[in-house]
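One chain, chain A, links the two complexes that follow: it is found with chain B in the first and with chain C in the second.
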Partner chain A sequence: MKAYLSFLKLRLNVGLQYRFAAIAGILTQFFFGVMYLFIYEAYYRANISIGMEWQALVSYLWLNQIFFYLTYFNLIDGDIYDSIVTGQVSYELVRPLSVYWLWYVKLLAKKIAGAALRFLPVLVVAMLLPSKYALQAPVSVAAFLLFLVTLFLGVILSICIGMIIYGFMFYTTSSRGLFSIYTAIADFLAGGTIPIVFMPPLLQKICYALPFRLTIDLPFRLYVGNISVEEGVVSVVKQVVWIAITMVLGLVLMKHSQKKLVVQGG
Partner chain B sequence: MSATYGPNGAGKSTTTKIMCGILNPTSGECIINGKVPYKQRKDYVKDIGVVFGQRSQLWWDVPPDDSFYLLRDIYKIPKSNFEETREMLIEKLNIGEIVNVPTRQLSLGQRMRCEIAASLIHMPKILFLDEPTIGLDAVSKITVRKFIKELNEQYGTTVLLTTHDMQDIEALTNRIILIGKGKLLYDGALTDVRKKYSSKSNETSSIDEVIAKMYTDMKIE
Partner chain C sequence: MGLYLKSIWMDMKCELEYKLSFVFTMVASALSTLFTLLGTIILLRKFGSVDGWTISEVMLVTGIAVFGHVVTEMFGRGLDHFYKQVKSGLLDRILVRPRSITLQVLCSDFQASKIGRLLEAIVILIYGIATVNVEWSFYKILVLIMMVGGSAILFFSILLLKASFSFWTIEGMEFMNILSDGGRDLASYPISIYQKWFANIFTYVIPFGCVNYFPLLYLLGKGNAPFWYGLTPLVTLLFLVISFGVWKVGLASYQSTGS
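Right, the complex of A and B next:
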């Protein structure tokens, strides 16, 4: 356990060194936040009745940008990816550690370090904007607490799902294609591209049946009051169940794939 | 201490990786110290140290010393043992001035000495060296060889070396294992090979010439 903690600490240190990448990221988040606001404003002007109030939508969009680094499904972690493609993974396999947990911690540290550097400036500006375009306070204390819990569990869940994808990486020579497809589909099904309430009914049903929405759609809609506290509590149970399922799947896959391992690059 | 060698693509590194528990063999079995490396990987790798000359086990963005401390936690090394080993390695490998410099700023020779230190910080019983002197200058090569020899003599560490550098082999060991196309071709003393394959007209052929002749003779070129 201590080994994984030390690993987490060192990894956070390294992650926090990339300050310029963070500044670029912050600007990107502003740009996307503002762009989304303008696009949706056009829709709302047309008075099309959709499943979310304007102010709730604004908050949803800003939360998505503020916690982007934490919730986005893009997993191409340079280190892990390169280690498999170049064969550097050899060194991880000669340690008395589980590769699954080692990578789990790597991804977690990366998300935390990245988000820690980015979230505050976006949060502050999102609150200071004219009220029509600003992030609002959460609807209630209970909703806010549930938002924090579901956000945290959502991150854990998204890494569990990601580890399954990493397990598949061992079977392919280069997985950039697999990753791009996964990122796009997962982010869409999670409500990261457009809120799920705006989707056609059939698509909504698919999203609700899958675990992805528990990472983005759930916590942010809880915050804005679009999902009730009661439903939120039930969803926490769903999150825990999905975490258990995906974790077991990932562990099994990782164990199996290591037997078929081919180290590339001599 | 033994050295494995053979032409490019012979299977040296693959053999090493099987012995390190990284790869599963397609057939056959491998037992080291009563353990099957790829089946009891986590338990087995506690007792081994590995240096892959073409890769790095040090964290690129932080000084080697930080990597050492991480390894301490990974291998659960008691504090006093760790300090003692660390100081010994720093002194013997002459890396006192560079352990606090970020790894990315080190030269290859400096880094390789730190790599070797990292592989020994938990005082493994077996040390696998896969081309440890690749790309090093004469001074670094000599430091590395001298240290490995000392380690073997003083601490009784088993060293399994894989290399193309015949001078490495000559300086370190007399037992050589030749493999080619995945088959064991020779296991014995280097001096015997030398006797057999030295050209008759020139008794002092260089070791590289001797080996090249041996490859041709065994038709593994």
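Right, the complex of A and C next:
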């Protein structure tokens, strides 16, 4: 455990080095936030009542941009990817530590460090905007606490799922596009492209049956009060169950693939 | 030109060597556009229209934006990654060769795997053209061609600017993606749906409005749009000339970095 913790600390430090990338990221998030606000504003001019009030939608969109680095499903890590492709991974395999947990911690650290550098400026600006476009306070203390819990568990869950994809990467030498395919699908089904409440009923059912929405849709809609606290508590249980399932799957897959692993070259 | 075609052919052969990887990458790039598009269609069906624009009109505009973006991504990838060549000093190798530098940079990477996205763009365009309420004439067809071409020229100029900036700084180049990738999403709606100041920036500074708003007004005959609105896509040529100027200035002031 101690080894993984110090590894987490190390990777956090590495992640915090990339300040210029972070500034560019902040500007990008801010730009997209403003753009989406204007697009939805144009839609809302039609004055048709649909699943979400304007102010709730504004907060949802801002939260999506503020925590983008944390919740986005793209988990490609250059180091890990290269280590699999170049065979460097063999060095990690001979260490007396589990590769699964080593990578897990690495991905978690990358997300936390990246988000820590980015979230505050966008958050502050989003709160200071004219009230029509500003991020509102959470609906209640209970909702806010549940938001924090579900956001954290959501990130844990998304990495668990990501680790399953990494497990598959051992089986194929052409894994470049594999992650991008997964990212595109997961992001849409999680409510990252458009909020799930806007989708047609059938698509909503599909989204609710899958775990992806527990990362984006659930915490953000809890915050704005679009999901009740009671439903939120039930969803926490759902998150824990999904985490357990995907973690076991990932571990089994990783173990199985390592047994068959052939390192090429010398 | 012959040299460029040969280079494209070689790049394609390279990519096709890894067949499964090629398929994966192609599907991936097509999927992300597909889901963005699906989102737009869902919203348009839910709300009926956006700021008075129908689904056909938005699809036509989206098709123009995605087409222009993907074509430059396919052919201009070398510019997109140009800052890496500056950083590594690889540019020096290009400079000493007795061929056009711009051509060599363009030749450095051709992305055949974007073909899925290109097909998508064409399908959206055809859908938009087929369903939009326009009385086509010879001039209007010409305007449409200028809109599509102007979009490609605009995205190409943006990539050229991005590459030029790497002569002065190689930090934070991701920022320029706001204009290329962000520009595609932004220009997927007629520019008039945005707040005035925002729309003004993307009409008078970066002329997206000249590709997807003024000429569209003329095509649809909305608000008595005058004849010359159809010619506004030509403004992108001016933007291209300026970008090319910046590129040349950058090249002239280049001092090697690598070792």
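Here is the rule we go by: the second predicted complex is superposed on the first by the 263 of 266 C-alpha atoms of A that agree within 3 Å, B and C clash if a C-alpha of one lies under 4 Å from a C-alpha of the other, contacts with A are read in each partner's own complex, and residues count from 1 in each chain.
Keep in mind that, in the parts below, a contact is a pair of C-beta atoms (placed from the backbone, for glycine too) under 8 Å apart; a residue touches a chain by one contact, two chains touch by 3 or more.
As the structure is a computational prediction, the values presented were derived from the model and not from experiment.
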| item | value |
| --- | --- |
| Touching partner for A:Lys259 - first (chain B), second (chain C), both, neither | first |
| Partner chain in contact with A:Ser131 - chain B first, chain C second, else both or neither | neither |
| Touching partner for A:Phe32 - first (chain B), second (chain C), both, neither | second |
| Chain C versus chain B, contacts on chain A by residue | C |
| First, second, both or neither for A:Ser140, with chain B first and chain C second | neither |
| Touching partner for A:Ser180 - first (chain B), second (chain C), both, neither | second |
| Contacts of A:Phe20 with chain B and chain C, given as first, second, both or neither | second |
| Residue ranges of chain A in contact with chain C within the complex | 20-21, 23-25, 27-28, 31-32, 34-35, 38-39, 41-43, 45-46, 48, 50, 172-178, 180-181, 183-185, 187-188, 193-194, 198-200, 203 |
| Complex interface listing, chain A residues touching chain B | 2-3, 5-7, 10, 13-14, 17, 86-88, 90-91, 93-98, 259-263, 265-266 |
| Residues of chain B defined as touching chain A within the complex | 13, 17, 20-24, 38, 41-43, 45-46, 48, 50, 52, 54-57, 59, 61-62, 66, 69-70, 73-76 |
| Chain C residues touching chain A - in the complex, by the definition given at the top | 18-21, 23-29, 31-32, 34-36, 38-39, 42-43, 46-51, 171-175, 177-178, 182, 185-186, 189, 193-195, 198 |
